[in-house]
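Two complexes follow with chain A in common, the first pairing it with chain B and the second with chain C.
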Partner chain A sequence: MSRLHCPFCGPRELREFRFHKTLPTEPGTAFAGIYERIDNPELSVEHWQHVEGCRGWLRVTRNPSSGAVLETRLLGGGVA
Partner chain B sequence: MRHYSAWSLLRARLAGNSHWQPLWSGQSLQQAYDVVVVGAGGHGLATAFHLARDHGIKRVAVLEKRLVGYGNVGRNTTIVRSNYLLPENHYFYEDSLRRYETLSRDLNYNVMYSPRGVVDLALSDDDFPGLARRGNALRLAGIDAELMNISALERFCPELEPRRSRRFPILGALVQRRGGTVRHDAVAWGYARAASALGVDIIEDCEVTGVRTRGEVATGVETNRGYVQAERIAFATAGHTGMIGTMLGVPLPIETHLLQAMVSEPVKPLLHTVLVYVAPGHAETYICQSDRGGLVMGGHLDGFPSYTREGQWDRLEDVVQGAVELLPQVGALRILRQWAGTNDMTMDGSPIIDRLRYDNVFVNAGWCYGGFKAIPASGAACARFVATGTAPDLIKAFRLSRFATGHLLDERGGGPFPARQ
Partner chain C sequence: MSTIVRRGTRVQEGQIRFHYDGREYFGQPGDTAASALLAQGVRHFGRSVKYRRLRGVMAAGSEEPNALLTVGTRPAVIPNVPAPRLTLHEGLVLRSQNRWPTLSVDLASLLQIGGGFFGAGFYYKTFMWPNWRTYEPIIRRLAGLGEAPGACELPPVAVENCSCDVLVAGAGAAGLAAARAAARAGATVVLCEREPVCGGELEFEGGTIEGRESLNWVAATLTELAGLGARVLTDTDLVGGSDGQVVLHRQRGGIAGADTLYRVRPRSVVIATGAVERPIAFIDNDRPGVMLLGAAECYLARYGVRVGREAVLFANHDRVYAAAARLAAGGMQVRAIVDTRSASTGVGNSLRAELERTGTQCLSGHAVIAVEGGREVRAVRVAPLAGSGPERRIVCNVLLQSGGWSPNTQSGAQDGGAREYSPGLAAFVAAEQPLWRAFAGTANGRLELCDVLADGQIAGEHAARQAGCATGAGAGAVTAIDARGDGAPRLVAFWRSPSPPQLEKKQFIDLQNDVTVADLRTALAEGFSDIEHVKRYTTLGIGTEQGATSAVLGAAILAELKGVPPGAVGISRPRAPFAPVTMQSLAGLRVGSAFRISRRTPLHAWHAAHGGVLESSGLWLRPRYYLANGPDAFTAGIAEARRVRATGGIVDGSTLGKIEVAGPDAAVFLDSMYLSKASTIKAGRGKYMVNLREDGMVLDDGLVLRLAPDRFVATTSSGHADHMLSHFEHYRDTQWNGRAVTLTDVTEAWAVIAVAGPQSRATLQRVLGSAWHEILTRLEHMGFADGHFQGRDLRVLRASFSGELAFELHCRPGIAVTLWQTLNDAGLGPYGLEALDILRVEKGYLVSSELNGETTPHDLLMDGLVKLGNPCLGRELLDRPGLHKPARPRLVGVRARDGRSKFLAGAQLCTENERTHPVGYVTSAVFSPTLDQWIGLALLARRLGEDTQLLARDPLRGGDTPLRIVPAVHFDPTGERMKQ
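== the complex of A and B ==
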């Protein structure tokens, strides 16, 4: 994995983006949402920001075992 | 096990070095054990060794899905120290450092403990009070720490040329002289050899894929080589502990992140100590020179969850930049090798040693990027916990429930972000 596809800016070097956090894969309490993880080596849903580009917030779905990016969406449903 | 000594070396030399025995060999997987330890990294092997030596537990197996030393115990940058800020951490790591001081003798295997000093550099006015606070906390606990001004640092580490002009000034350092390096492979091999001499079965190519239970007790583990019955099970699976939680259906405060390191071509002595610092504009950098002469360099995590063991190029670049800005001569060296390991990053950056869902299942994990230095203390304490059912005081704070009760051990005070611990 060396690039992310920003819905606004297109494919860009990974270094332009900053990883923020993983999102829980299953619904749970607020405590679980912050502190607990059920590891899925094939699926990770994350918040990233395109800090050195449009600064848009992204929801990225990845496979952390292969490094493949499965989906990149703009958070909050802006136009893109 | 053949005892190693100067005499045995000489005798082997005279015999043309043809009589060396494998360090351990030939154990076969049995159907039942008193304790099954999962993972032949440093923590698993040390736990097994102490179970057999200190608690007289006869039937112990260490099941390893790959090879002894294939995991992080063979991938780390070999730095040992006990200069943590929080008491729960520094007493524990001090216990570990003391054990490292005598480990070669205890295992009858040279682990090459080299107390060359760990130097945390202050590069800004903000760094200095932070280091002073840490140093004072350590001295109050009776652990060695020296706050050095630039003149003292110049005497301790002249090759650093602290007064030379660079992009940033060096103001001083916090130094732990007993900190330093230990040969990582030797720790794995030494524990494996000593444990197997005590009758521990070390089984490679044996992956644990599930836990069989009856009611509220675990009865054994499923492996790719069949079912193995166990009275007690201890997971010491480091970067794969997240998957163990998933296997048992227990959510864990752990994410899996990559850490990279690299080594340069070997050169003559250039740096006699371990340097740790955060150069302005970069993440952390740490450098030391291996006994073979290569400069071993590492930095911070790749920054997002990963199981790939590949590593991002820009992280390497950042480490090299940090290194060259401090020691320009490093710029003339070529990089020989780069590698990565998967780290069990916890939500507060501190380890977890506790029961996991069942009364007879234990987990020893969450070592983040700093668990090599913890191996001797963790092995002894974890073995005691597994053998007696009671966690020794030294590791009580590492319980899993601390995340729910708010008793976090967050050295940096950075919050529940494993990528930034």
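== the complex of A and C ==
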């Protein structure tokens, strides 16, 4: 993975983005969300911000083993 | 000085002067360092890294394991440049490597005579007592390849980003056919070639293609490519590629400004990087004069250099006969051809009879078992492989070997692409590839010219189609390319010659790292069986050539030692870079002051002009102290802090982060982000607020000002604004999604001047004008007012970070210098970070030393804020039992027990009884002019009572200092001074 496809800005270099793990969404799930995460080598859901572009937060689904980006969506509007 | 003008495909008439190991040499335009030195009889190009054995040139390309030179003069040197890749230019200065004091006499090589060889794991096993560190400095001096450049200004290397439909790596027969096919289909093509000229082996192999002599075909194809708009980059290595990005490096060692790093984004890639000829392992196969057969052909055809007078050729395939004929035609005497294949396999080659007629001894079913001669080849010993024939000694001064070809598949395997063993080729080829990448030609295991060309053409068509260009003219018109070359090699795998066990330590596999057959045996005996483990234990294939000549040979011999078929152990995964790249090229233009940006406040020029000593604080440059107040930070800091408490001073706070939070849901949004509520702040007032990370640790603190019911400014620590803005945006777009809030970084829209000290109000009333007089009198702590100064926006906030009566002036950057100068002229002198730190430690205020990501609000005495019960981000995990145990830290003040001694931040705190188990540490320490002693803040285990006798232990800087615990607020605990 060396590029992400920003819904606003199109395909952009990875260095324009900043990584963040996903956030726990339900109240009461913070501990599990932070300390009990189970990594899947084939599937990772991540949040990336286009920090040197439109500043949009993206939800990126990718396969860390192959480096393939499976899906990129804009966060917000019910997507978490 | 050479008097004979050599003729070859690459050299022109003329003379280039250069220096090698302090002596003057001459070459011709187009020569490489290797060709020019070989032409002048130089046989020694360095010593090996471990055993310090003399080594010569083995290859004619970047796979060269031994002839690595240092280019330039200290400190501006480039180490480890393969001599065959170094195109000569006038005045070039070269040095051989791994020798001291000279190449001819090397002291470390005496180790080899005295103590025998260091086998695999030698360092791990030998230098263990008392520990490795005892020996490291000596070993480091002897170890390593070459010498790193010293502190010097090297010209920055250009970096170019580009894109194309099809990138073709390698401009040999396959690459040219692929590039042409793709370009004819309408694709934009970038073709890169690591050599200075295109053609690959066509340069010396001869043959015809499409009715032309192959060299003419190369020229015609390049002309056609130029006409179709293709870009051809010579001298350019394929460094590596993954995930749609390919990195190329154009390098012309030693020529300033000639290098370029290309980041290419092709839609599809054809890798036609050819193959590397493989050596065979036999005793003393590393001696100068043992070379690859193809390299000898290259030197002859390209540069007119005969690498030796009398040659013995050693191979396991038919191509050796054609090569022998060409070398003989070039004036070399081929004494013998040693063919490892049994007589029946090689018979039928018409060239063989002709060679025998002209005096070349042709031995089938034989192998070269050893080389004679220490400083260079003097003879070889040859023995039959089966049955009992006589061992022969053949006099020669060069042994040219060819054990087959290993396709260059590295660049497709760096991202995990699989490779599989091909028995017919006795090498590994790329297995299944993604649709956007194809291997072609010899890199794909094709060895016959017509196959190579057809493979290239098909790959080019495929790549163009993948790039969506199949509609162009000529698409689909795959025509067979008629060509005639060297024919099938009919290779039979042969890896190493027979050897008595005790001499396997002289059968070299990896010449760059001195890895021998004996090392592989040792690794296996010690339980390292996987190829990746063997690689790391023996250092097989780890050097600048990344196993180009050794990886396949090593894997096959390992398989043999394990008693499994070749290929059964696999091959180690290659890593980028495929060819050496200088760090300078990777840095590109980001060197020196361009390494990273620095941020300057609107008052920067004033500080610089008035003796402000600037310091990096994150990306910001901030004055640490002013030279007018003392010659060093310690003295000046004390003077500045003392003056603030006595009268007053001004400090540049423009680096303070400011985020404007606006919208109908601004208050409720901030409530969810901070430990206390923003919704209870009245408009026109501010509040000290703390926010937490998800795990409950304190993230940042700052003041939140409410400008209007739906509009706030949240201030952050200097340098944190960017991160805090991201953090806010992240939560707004996820957790609190749907809240109507806009977030804007206004850090640079406001300059901030903090005015502190007993005279601050009076001075401001004098300089800000009558409109502010009454406001300043009335303004309560944490109150602010908006107005104007000289017609521009000014916000005055009453807040203190020094414990004194103090105001923050937020003004537009354009009037910052005027306002600052006015205040300075009115008697408020500037102070810097050093004084700021003294003042805040005296008051127990926190900075990043305490807000270090490992402390909770409870640790930092903010229990009151937690008790408010605001259900904010991070609040949930604050209740974890582990965060309330007696061992958790708590903020305390510390002072030396004698009231005099110095101690520093970072000192570990122990109790008098338990001097080896720290119970906390000093987070901040300053000399307080107000209290006339060293004072500090510390994080200390909660279980310890206030009367605990502590010891600040700081063995590296100051030894032990006895401390006592005091309240964290050292000075004016009731805050009387702020309330004036």
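Following the convention adopted for this analysis, the second predicted complex is superposed on the first by the 69 of 80 C-alpha atoms of A that agree within 3 Å, B and C clash if a C-alpha of one lies under 4 Å from a C-alpha of the other, contacts with A are read in each partner's own complex, and residues count from 1 in each chain.
Throughout what follows, a contact is a pair of C-beta atoms (placed from the backbone, for glycine too) under 8 Å apart; a residue touches a chain by one contact, two chains touch by 3 or more.
All values reported here derive from a predicted model rather than from experimental measurement.
When the shared chain is aligned, chain B and chain C each come close enough to touch A:S2.
In the superposed model, A:G67 makes contact with both chain B and chain C.
Of the two partner chains, chain C is the only one that A:Q49 touches; chain B does not reach it. Contact with chain B, but none with chain C, is seen for A:R15 once the two complexes are overlaid on the shared chain. Look at A:I38: by the touch rule set out above, it reaches chain B but stays clear of chain C. Across the superposed pair, chain B and chain C both touch chain A at residues 1-2, 18, 28, 31, 34, 65-67. Those residues of chain A that touch chain C in the complex are listed here as 1-3, 18, 20, 23-25, 27-28, 30-31, 33-34, 47, 49, 51, 55-57, 65-67, 75-78, 80.
Chain contact summary for the complex, chain B toward chain A: residues 242-243, 245-246, 251-256, 303-308, 310, 312-314, 347, 403-404, 416-417, 419.
Taken together, the chain A residues at the contact with chain B in this complex read 1-2, 13-15, 18-19, 21-22, 28, 31-32, 34-41, 44, 46, 48, 64-67. Here chain C touches chain A in the complex through residues 242-245, 265, 415-416, 694-695, 722, 726, 729-731, 733-735, 737, 876-877, 880, going by the rule given at the top.
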